[in-house]
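The structure follows.
A, B, C, D and E label the chains in the order they appear, each numbered from 1.
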Amino acid sequence: MAETIDQIFVLAKDRFLDLLGIVLPDWIILLVRILISIAVLLAVAPVVMMYMTWLERKVLGRIQNRYGPNRVGIFGLLQPIADGIKMLTKEDIVPKNADQVIHFLAPVVIVIAPLLVLAVLPFGRNMIAADLNVGLLFFLGVSTFGVIALFMGSWASRNKYSLLGGMRAFAQMISYEIPMVLSVVPVILVTSSLSTAAIVEAQLGWKWFIFTPWGGFAALVFFLCGVAEVNRTPFDLPEAESEIVAGFHTEYSGMKFALFYMAEFISTFAISGLAVTLFLGGWDGPAFLPSWFWFGLKTFILILIMIWFRGTLPRFRVDQLMGFAWKVFLPFTLANIFIAALWALLPYPKNFIADTIGITVILTLLQIFNRKETPKKRKYLYAN
Amino acid sequence: MFGWGVLKGMLVTLWNFLLTYLWPKKGIFTVQYPEKKLPLAQRYRNFPFLVYDGTPHMIRCVACKICESECPPKCIYIIPEKDAEGRVQKKPAVFDIDYAICMNCGLCEEVCPFDSIFMDHEYEISKYNRAEDLMVRKEALLKPWEYFAKIRPHDFERIEAKRAAKSAKAKPVAPAEKPSQKPDAGPTSPQQGSVPKNG
Amino acid sequence: MSLPCAPTLKTELLEVSIGPQHPSTHGVFRMNAVLDGETVVKLKPVMGYLHRNHEQIAETLPYLANMPYTDRLDYICSMTNNFAYALAVEKLAGIDVPERAQYLRVMMAELTRLVNHSLLIGFLLNDLGAWFTPVFYAFREREKILDFFEAVSGSRMMCNYFRFGGVKADLPESALDQVRRIVRDYPRFLDEFERLLAGNEILKSRCQRVGILPKELAVNASITGPMLRASGVNYDIRKADRYSIYDRFDFRVPLGMTGDVYDRYYVRVLEMRESVKILEQVLKQMPEKGDILSAKGLQACRAPRMWKPPAGDAYGRIESPKGELGFYLVSDGSPKPYRYHVRPPSFINLTVLEDLCIGQKIADAVIILGSIDIVLGEVDR
Amino acid sequence: MTPIPLNHFVIFSLFLFSIGLYGTLTRRNVIGILMGIELMLNAANINLIAFSRYISPNPETGQIFVIFVIVLAACAAAVGLAIVLAMYQNRKTVQAEDIHILKW
Amino acid sequence: MEILYFFAKTGFYATALVTLAAAILVVTLRNLFHCALALILSLLGVAVTYLYLKAEFLAIIQILLYIGAIMTLLIFAIMLTHRLTDRSVSQTNRQSLPAFALLAVFNIFFIASLAAVPWKINSASLAAKIDTQALGAFLMGPYVFPFEIISIVLIIALVGAVILGRTDQ
């Protein structure tokens, strides 16, 4: 029974294809098999995005001692739909001097990347749309499209705030991609595979990489880089509303604006999903609940943490942001590769000790080299 | 260690987040406005209204125009009523207040010697048209004295007592002639009321 | 031009007009910034979008009728505005203030200081990018104080509470308990704020060594208030002038060492703690009963159009939460002031904005503006 | 199933190369010239992979060379664009014909 | 199944056409930023072509490096050397006609000669599957020396770029 529930989506798909197979030729079945996966992803992604906006507003509201949306539907559950209708019916404003074609293309291109990367996420056992043998690289490579689309939008708006936001997004996303990829390298090194499904397989049975010394820190770095990659607080400089109004999407309204938001939320989901896949054991979990539930739960928790960040933290300044990537994350992830290699090479008790020593050393070194930038505690005088 | 302060701050927000579920009364401080409303303080002042005793014909205002001239943004406009021979009556024919200009300062209430204009508690007065709808005429401004008793019982008691004393003392004196001569005690018993009247 | 953080890549300068419609200019204020990449090389504040002819209006009105207009100067701290104006007129006409009214005045002024400082810190954090959480926490506490203001004066923000020679009305029945509760709970809220913010490394690294205002510049530019004290100058009008009854209270003046944004932020936190201390003393010392309006004051308030102060001039000043707020009045013996001038602390503190911002990043310019603590109603008048 | 003929790949890459060369020859802007060069490098890459896939006994060789070429292209882009930037800072121009004195 | 292969093949020609069209845009458009975007499209087409040659790793690398890194650099350079509101000036010099003629001749000659060459198709390597691990093994095995050299070249180029980009103080 548990097995059936675990595989319920896979079985449903197979059953449906079997039924089709009675009347239709093979090649159509093959096409339909692909199309179903695509259709499911395309249908699920916007729904996920809509309810993430709801969740974010709700949680932020609660953090700020408010209710959050609670007017449309019970618990405000229909709020995203109302928002969607509002977005659709809003006037679409294009600045007069804007580059019309690119201004139109940017929001279209920007949603493509996060939708594409969903294909390589294993949502559960056997539930992966495309098990590429370069799946991880595919994810990292395709997400770079986002940068280009962002920049298209910011450039085409012909607005200085947009341009500043675009430049920031550009610099930030490139900088953070490097430590992000490097923090993934130990995982590839240990599992010797680039396929996301294989990486999850390697962690089955509570051997999640986050429980290893290198994996814990790599997961932290990966997660923080992921937060930076999707432009969320405290790394939301490209759309810092207090500095550059709305950054790259200042000049967008209506559905185009919604598409920018959709891209941001879907990539938030995708990054959380990838972090879960790489470090938190993917769909692995106690068998009494289906695998897709575990994947969803872990992703949900990571998304909650991102929202929690947003409710608490101020944002970095642009030079601190870059410094963080290049002076802290990059050296650490580079060292982490060696630490992970030690883990893979040595037998059990020894590798743990070696890793602990290695991580302590690198963290101490980072602390020492960055002490100029670390803020100090201050004393204040009183006059009578 | 870098990051400790961040964690501490995050715990604060987490606590506030949990508090809203565990103890909503203390955790959530927003009020669901159209359904629930905060109780207004008695002294709350919004826009002015005119008082009548009994029926709307018995307006207390005598069109002395003190409030009109004291009003800082000059939002009050008064024309006294005239009888057939053109003599000025102690009653306003026109009493307009432009809510768009009024700044709720309450000075009209303070300077009125006849206790006829008071600040209202009504605040849901959104209108679609700024020019016409927010120019409020006499008819719309009139509210019974009992209404005042309802919204501001403390001030009601004080003013009633004062009026009773006044009418007992100087029954035949027409109140409109020299308002500044009235030797009322003013704010000598201040813990009762809000406004030191010059009544 | 050599800059403290000179970029190694020379590129086109970008002129950005930040404001008047911008989320973080605290109103309709405009900064014409010339940016080199992200660094500000030139910054010109443009103000006057909210100019309302305040001084001219005051010269056409009787003295008391201007009281509600002073509420609208710095609309966050209307009580202290009233206070300063009342002081000026009292000085002009030689009006005395009864004991209880003095205590009420100090109570209102210190409560206003709490409102202003906690709100400022909330909005400073908003400028820093913390998405409204500190603002809402500050609002939560401010709400209690505003409820008290409403119960006492009838309005939450535009209080119009002070009168020449006293205050408009005495406290209603349960209002004193309200203040006691506020005074009791406020330190707890400040501790929460401290935990949320003071240790936060992001906030520290954003604020420390940013927008440093040197002592000499601060004095020369006649900066006042917490901004001056954050630069380490011991000047508090409550101590220097001892207006009203401030000489009866025991409180200290916190001083910063560097004068950067962090000091400006933290000096305000410490000031709030001192304000709570003053409030405690006020509650202890305040006489149970007493007049709230002196006889001379009653004359001035009874028929404002008729009241004529003697000819002469007077300058009344207080330590408003933002700095020295002063009102200068020249009377020619008529019911209206001949000349009326406001010394707005926000406006004068704003004059150093360019000196603070040059060489900083654009994100810093925003928080420097936030830490100066301006209210456009007061800047533009 | 018959594979796509090798000639088609080669002709495709030839056209790509020609277009890149045309761009390199006719552009006045240095960055435009760089773009043309990138196109030509890509055309070469297609050829490398296609030939190694169709003819060479070791199909990996071509791919590895393509990796090298991509790295070299990155180097070229980095250095070239740095030169362009330095040029722009000093002479305020990125037009190729204005840069002819062979010194700063 | 045949029909799917037919679709796939058609896909290749479509890709090729799109790539070439984009490439033509790259060399003809006046606005450099548009050129860069067209170049991205063109490079994407090349990546798809790699897929047809069963080089998935390279296709991804093409996207990651060319589009993610090199194009980003290029766009940065465009932004740094152009003003936002610049008029688009003529971007081509007067060599376009001779260049076009020369290239036409070159292409005709080349295609003619191509048709004459009988390629010996190696069916073993055509069917061979090269996964990422194999490529890695090759890079670390027979090609380790060029690999090291290329990394040194990359480092030198990066350092050189940084030095060139700095202004003399």
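List of remarks:
Going forward, a residue touches a chain if its C-beta (ideal position, glycine included) is under 8 Å from a C-beta of that chain, and two chains touch if they have at least 3 such contacts.
Remember, it's a predicted structure, so these values are computed and weren't measured experimentally.
Centrality annotation: A (chain centre taken as mean Cα position, compared with the mean over all protein Cα atoms). Of all chain pairs in this entry, the one linked by the most C-beta contacts is D-E. Chain geometry summary: the mean Cα position of chain A and that of chain B are 56 Å apart. For the pair chain B and chain D, the distance between mean C-alpha positions equals 80 Å. Centre-to-centre, using mean CA coordinates, chain D is 6 Å away from chain E.
Averaging Cα coordinates per chain places chain A and chain E 29 Å apart.
Residue positions 85, 89 of chain D are each in touch with at least two other chains. Among the residues of chain E, those in touch with two or more other chains are 57, 61, 69, 76, 80, 165, 167. Shared interface positions of chain C, i.e. residues touching 2 or more other chains, are given as 9-10, 133, 137, 140, 196, 200-202, 204. Interface residues of chain C facing chain B in the complex, by the touch rule stated above, are 61-62, 64-69, 71-72, 133, 137, 140, 143, 147, 150-155, 158, 160, 163, 168-173, 192, 195-202, 204, 289, 291-293, 298, 301-306. Chain contact summary for the complex, chain A toward chain B: residues 59, 62-67, 308-309, 311-313, 367, 370, 374. Residues 1-2, 6, 9-10, 12-14, 16-17, 19-21, 27-30, 32 of chain B touch chain A in their complex. By the touch criterion given at the top, residues 1, 3-4, 33-34, 37, 40, 56-57, 60-61, 63-64, 67-69, 71-72, 75-76, 79, 84-85, 131-133 of chain E touch chain A in their complex.
On chain D, the positions that touch chain E within their shared complex are 1, 3-4, 6-12, 14-16, 18-23, 25-29, 31-32, 34-36, 38-39, 42, 45-46, 49-50, 52-60, 63-64, 66-68, 70-79, 81-86, 88-89, 94, 96-97.
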